[in-house]
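This is the structure, below, for whatever I ask next.
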Amino acid sequence: MDTAFWIISAVTVIGAVLAMTLRNLVHCVLALVLFFFGIAAHYFLLHADFLGAVQILLYVGAVAVLILFAIMLTRHVTGTEGQREVLGGKWWAGMGTAVIIAGLLWAVIRRDQLAALLPTGAAKTSVAEIGQVLVTRWVVPFEAMGVLLTAALIGAVVIALEEFIRRR
Amino acid sequence: MNVPLSYYLMLSAFLFAIGLCGALSRKNAILVLMGIEIMFNAGILNLVAFWRYKLFATPSAQLFAIFAIAIAAAESAIGLALVIAIYRQYKSVDVDEITSLKG
Amino acid sequence: MNELVKQQWLIPLFPLVAAAIQSLLPRGQRKLSAGLSITAMTASCVLALRALFATFGTGSEHEVARAVWNFTWFRFGSTGLDLGFVLDPLTAGMAVMVTFVGLWIFVNATGYMAEDENFTRFFCFMSLFAAAMLGVVVANNLLLFFICWELVGLCSYLLIGFWYFKPSAAAAMKKAFITTRIGDVGFFLGILLLYWQTGTLNLYDHGHGALEQADALSKLAGWWVFSMAGLIALLLFFGAMGKSAQFPLHVWLPDAMEGPTPVSALIHAATMVAAGVFMVGRMFPLFTAGAAEGGSTPVLDFVMWIGCITAVLSATIAVAQFDIKRVLAYSTCSQLGYMVMGLGAGGLVAGQFHLLTHAFFKALLFLGAGCVIIGTHHEQDMRRMGGLRQVMPITFVCYVIGSLALAGFPLTAGFFSKDEVLLVTYHRSQWAWGLGTFAAFLTAFYMARQIFMVFFGRWRGGDDQKEQEQAHEGGHAHEHHEPHEVSWNMWLPLVVLSVFALFMGWLGTPWVGGNLFQRYLAPEEIAPGASSLVLWLSIGVGLLGIVLGWVIYGRKTMEHATEPDPLATMLGGLFTLLNRKWYIDELYEATIIRFTATCGVFFRLVDKLVVDGILHAIAWTAWALSQIARWAGDEFLINGGFETSCESVRIGGKAFAKLQSGRVQNYFRVLTLGAAILLLVYFFA
Amino acid sequence: MYQQLRSAFANAPDGVLVAISIAGPIVFVLAVYPLIFAYTTLVERKALGRVQNRYGPNRVGRWGILQPIADGVKLLIKEDIVPRNADKAVHFLAPVVAVIPALLLFAVVPIGPELVPVDLNIGILFAFAISTASVLALFMGGWASRNKFSLLGAMRAVAQVVSYEVPMVLAAVAVVMAVGSLSTVAIARAQSGGLLNVTNWLVFRPWGFVGFILFTIGAMAESARTPFDIPEAESEIIAGYHTEYSGFKFALFQMGEYLASIAMAGITVTMFLGGYNGPGSGPGLLGGLLGALWFFVKLASMIALNIWIRGTWPRVRVDQLMAFAWKVLLPMSLINIVAVALWHYMASKPLAWVVTAVWLVGWFILLSKLTASERIEKRKYRYVT
């Protein structure tokens, strides 16, 4: 079973690295999709089936497509950056910060005794249970989430449509 | 399935760093957003791992993940809409060129 | 009564709900929205009356009956935050006053705002205003108190700036908001200190409430001459100074005139300024804690003198104003000074009683002024009025009654309450009493001046050049400028209120059954021994003021709007000084700019330290030190370092702006570094 | 039936059992459904031929029975052309990505009592998640071939699929609410019983019927079949995203599409048409076989319905397409969910039947009034009388 973990992790990491390093934007998105699938696979591995399905449905089905649309609407269709520099100014600073963060997290995790924890028994949470708590104990956050999503939807439409509205 | 929790934490820390790296150093705004998405996912992976290793009260732990995913979705929608609007304005999505807010 | 207190929250609820509904109403729904406000107010009034009757006769000989109802709002960890409501004579009386006066103000507003296109928005704000004030009244918890308190401030902000398209109104709204906010800082600090000391924010909680621990607090050492209780009381009083416009912070109140007149009435009579005085009354145990029987405490003296200064200062200013509403505004200031002075002199009853009576006749006066303004087609300058006696008789009569009450004419409401205040003060400090009496004289004088300028003589409205031109271009503009009596829904409230302005005083006179009001509100308080000197002197100065007013303004009324005020010819420079309000605003201009300037330098130091390493930092520090030295030395003393400070603000702002490079990733990077630092802390902690 | 199968292999060693239990479903899915796909193409061509008043393929074998094989061989040996400046890798990956999700979909379709490749407790959700992934294939194909028409087709396809996903999922939500489980097996089981195992099919409830229609339309649009085949509208954009594909890659694309639509049909059957339930179906070997029979009969009828519609209906315009999705299907599906709630909370089912029916019909009429476009009056000819 460890092997499953290692394989999936390898896929996920490769997807992430490619998504962040490739020159061609569309390739980046495809790599990102790979990464999303990897994460979903991890969820399945962790017995969180529902989350895995949601992950695919939402990220692959929605977010990735959204990003693709954004690329199509903003870049030259081939999605290549041309010969232009892909790295922004002060990129070394970014890399440095990332490395520092990674090292610190690593150190913290290494030190934490919780980290040695091994899975005990099966943590099963049926969809029904999730639904239960969602509409009983967490109903207020749930509603707030609904409001947030609606607001985001309307906001996105308004922002993106601004120009057409002006044209009318 | 008997990998210790630390593996998952390490993995998500690593992914987080990768996303951060990209978000901080890439030039294209869309890629920055993608990096942020990666960071989001790394965090959510942590939550699920905690749930699996029974550090949270089940099943509420999964709800954290669900809420986080929903927020990430909203964030990406707004972010991309903004990118498109910015592109209309500047004819560019290069985060180094969009500096008209400089004091 | 213990059951009734559980329904106290209903009193603010009705206006709140009304406001909520009105905020959703379309603009056209004028009748509906006005109806909503008035209905809600009536409902709250009925509830308040029920509470009032419930409190009658429940108190014992030496203590008032008080029912409280606290519940936990939310709790984090072991400690939680409570909210609570209280029902005691103070609350009940205030609630009835606010709802009743507010009700009639609403009725009048329907007429005043009749042709405003934001009618519904206006009533939405008004209802919210009333709801917030009622919340303040029924709160038994400093947190709830503070929330409603700030809501009151917000609503006043919204309403003063209701005609925000007028730059003056916009400025006034900001001024009111910021000025009161300054006071609220003190208030908030007081709350924090209280919570820190007592661990609770409930005022009364069966022995564990904050006020019930006042004596214990007074044992603790506070700061300077103040005990801990005194210190807290002092900080809280700053809030009151802001809200009810006491001397250093009184500047916002006259500018609040920019709002529609019903708003002024509401602010000046029932809600906003009353909140401050009510707060002092509510927190009275803290103020008196540690005082000997009938004795005083440092903070009480402070309060008294602040009130005294305000009373006299603003009374003098009121003498020299021409805007009909400004005169009333400054008179409000000085009356508030009276209340605070009475409270400071240890007379809870006196202060609250004057608050109640004043609410009635000041609301009456403002509504009357509103009627005059409407009747004369939005004319506010008293010099361009006059002779309204014939054209608007009802308004005239009511207005005169209000003025008499305010001037403390014998046997009117104002007479009794003011007399009581003076009496209490007399027993505490002769000086303050003398000044108060002088203020009373001024009050009578400027009210007489106003009456004679507005209602007597000939109608001077048409004199102005501008108006003539209007008359020429607008065809029917001429008769349009003739004053006329206002509609019934505007004068009805005047009549009702004037009845109270006449007879309400009898509640609080020692002649009828030994001061019912005191026995009701605070039986434990020892009534000040009556003094014929005080009584006759206050009557005398009142009459004297009226007579003097008649001599100067009444005998020979102004003929032309342009001709100078007779008093100005008499006093000359002093008059302009008063007219310019002692130049207090200008003073603040200078000081506040200086303050911001120092802030600018400070910020520049900070961010330079952050941005360009130690080396620059040292240099800047040296420079800034030299700057500060320069102020402290010559410029601060000599020419106030005015332009240098402005200059330094500019430089500071520039340096500060460098932080904002406009590059997203820079911000992101800094963010991440912060996270890294946090991680480090976590790692090594 | 599962028990019978178990007992049949009772004396086999465990390793073999495990191997069979793993390999069996895979082999089944990989063998049966592609076959169905192959003959669907044949049937479709013949049926369309009839509709268009001509014979379909009738040369290869009797009634052209071997036509699919011939097609397969032909496409296999055909030259595979890749445009010069196409994005090679993606261009190659796209068809593969197109087929895999379609095949995965079948994993959760129960074909008989206890006969399902995988019994996921989130079956329906899994199906939707996988089906969304097919969007990427279309996009990859269209984008990689560096061809305006391909890209246009791809974008159209993506937009269409994404927007028809919503009413589809919501229509499914109605069923999930009623049954109280996401598992396809549970859903199928919930529809057994009743008169002849028929009356409990969800399609026989008002909301079930509406959901069935919504879902069918959504499925049709999602697998880009006429009348929703905007993405490959020959008249406008040559062949959409697979313009630049030839040979076996093209075949894979076709296969992906058909498999997807077949799988959607299977899920429709499972959710609304009672799955394997029918007269005589139930536990036991015979019942199981009957159930499987019923399932495939229903599947065939759904495919026939698809073909029929394709042969009959004209293609809709893009704006009509979107408007239909957002202005009609989406509100209707939301209303449908409310109907399910009503149904759930009303004790007497006949009453609930009437109430929900009234509710849905009323809303439908209202919606059609609201979203009715201006009616097109008869064209006037100026010169012809």
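When the chains are written out, they are named A, B, C and D in that same order, and each has its own residue count from 1.
The definition used in the following text is that a contact is a pair of C-beta atoms (placed from the backbone, for glycine too) under 8 Å apart; a residue touches a chain by one contact, two chains touch by 3 or more.
Computed from a predicted structure; not experimentally measured.
Q: Taking each chain's centre as the mean of its CA atoms, which one is farthest from the centre of subunit C?
A: Most distant chain from subunit C: D.
Q: As a quick test, compute the distance in whole Å between the mean CA positions of subunit B and subunit D.
A: It comes to 34 Å between the two C-alpha centres.
Q: Could you give the separation in Å between the centres of subunit A and subunit B, each centre being the mean of its C-alpha atoms?
A: Computed from C-alpha means, the inter-chain centre distance equals 5 Å.
Q: Can you compute the centre-to-centre distance for subunit B and subunit C, using the mean CA position of each chain? Integer Å is fine.
A: Whole-Å distance between the two chain centres: 51.
Q: Report the inter-centroid distance (CA atoms only) between subunit C and subunit D in whole Å.
A: Centre separation, subunit C to subunit D: 72 Å.
Q: List, in ascending order, every residue of subunit A touching at least 2 other chains.
A: Touching at least two other chains: 50, 54, 62, 69, 88-89, 93-94, 97-98, 101, 105.
Q: If you look at subunit C, which of its residues touch at least two other chains?
A: In subunit C, residues 663, 665, 669, 672 touch at least two other chains, as defined above.
Q: Dump the list of chain pairs that touch, please.
A: Pairs satisfying the touch definition: A-B, A-C, A-D, B-C.
Q: List the residues on subunit A that touch subunit C in their complex, please.
A: 88-90, 93-94, 97-98, 100-101, 104-105, 107-108, 111
Q: Can you tell me which positions in subunit C touch subunit B when the two form their complex?
A: Counting only subunit C, the residues touching subunit B are 656-665, 668-669, 672.
Q: Within the complex, which stretch of subunit B touches subunit A?
A: Subunit B reaches subunit A through residues 1-11, 13-28, 30-31, 33-35, 37-38, 41, 44-45, 48-49, 51-55, 58-60, 62-63, 65-67, 69-78, 80-85, 87-88, 93-96.
Q: Per the contact definition, I'd like the list of subunit D residues that touch subunit A in the complex.
A: Against subunit A, subunit D makes touches at 87, 90, 120-122, 125-126, 128-130, 132-133, 135-136, 139-140, 143, 146, 151, 155, 158, 162, 165, 180-182.
Q: In their shared complex, at which residues does subunit A touch subunit B?
A: Residues 1-2, 4-5, 9, 12-13, 16-17, 19-21, 25, 28-29, 32, 35-36, 39, 42-43, 45-48, 50-51, 54-55, 58-59, 62-63, 66-67, 69-71, 73-75, 81, 84-89, 91-95, 97-99, 101-102, 105-106, 109-110, 112, 114-121, 123, 125, 129-130, 133-134, 137-138, 141, 145, 148-149, 151-153, 155-157, 159-160, 162-163.
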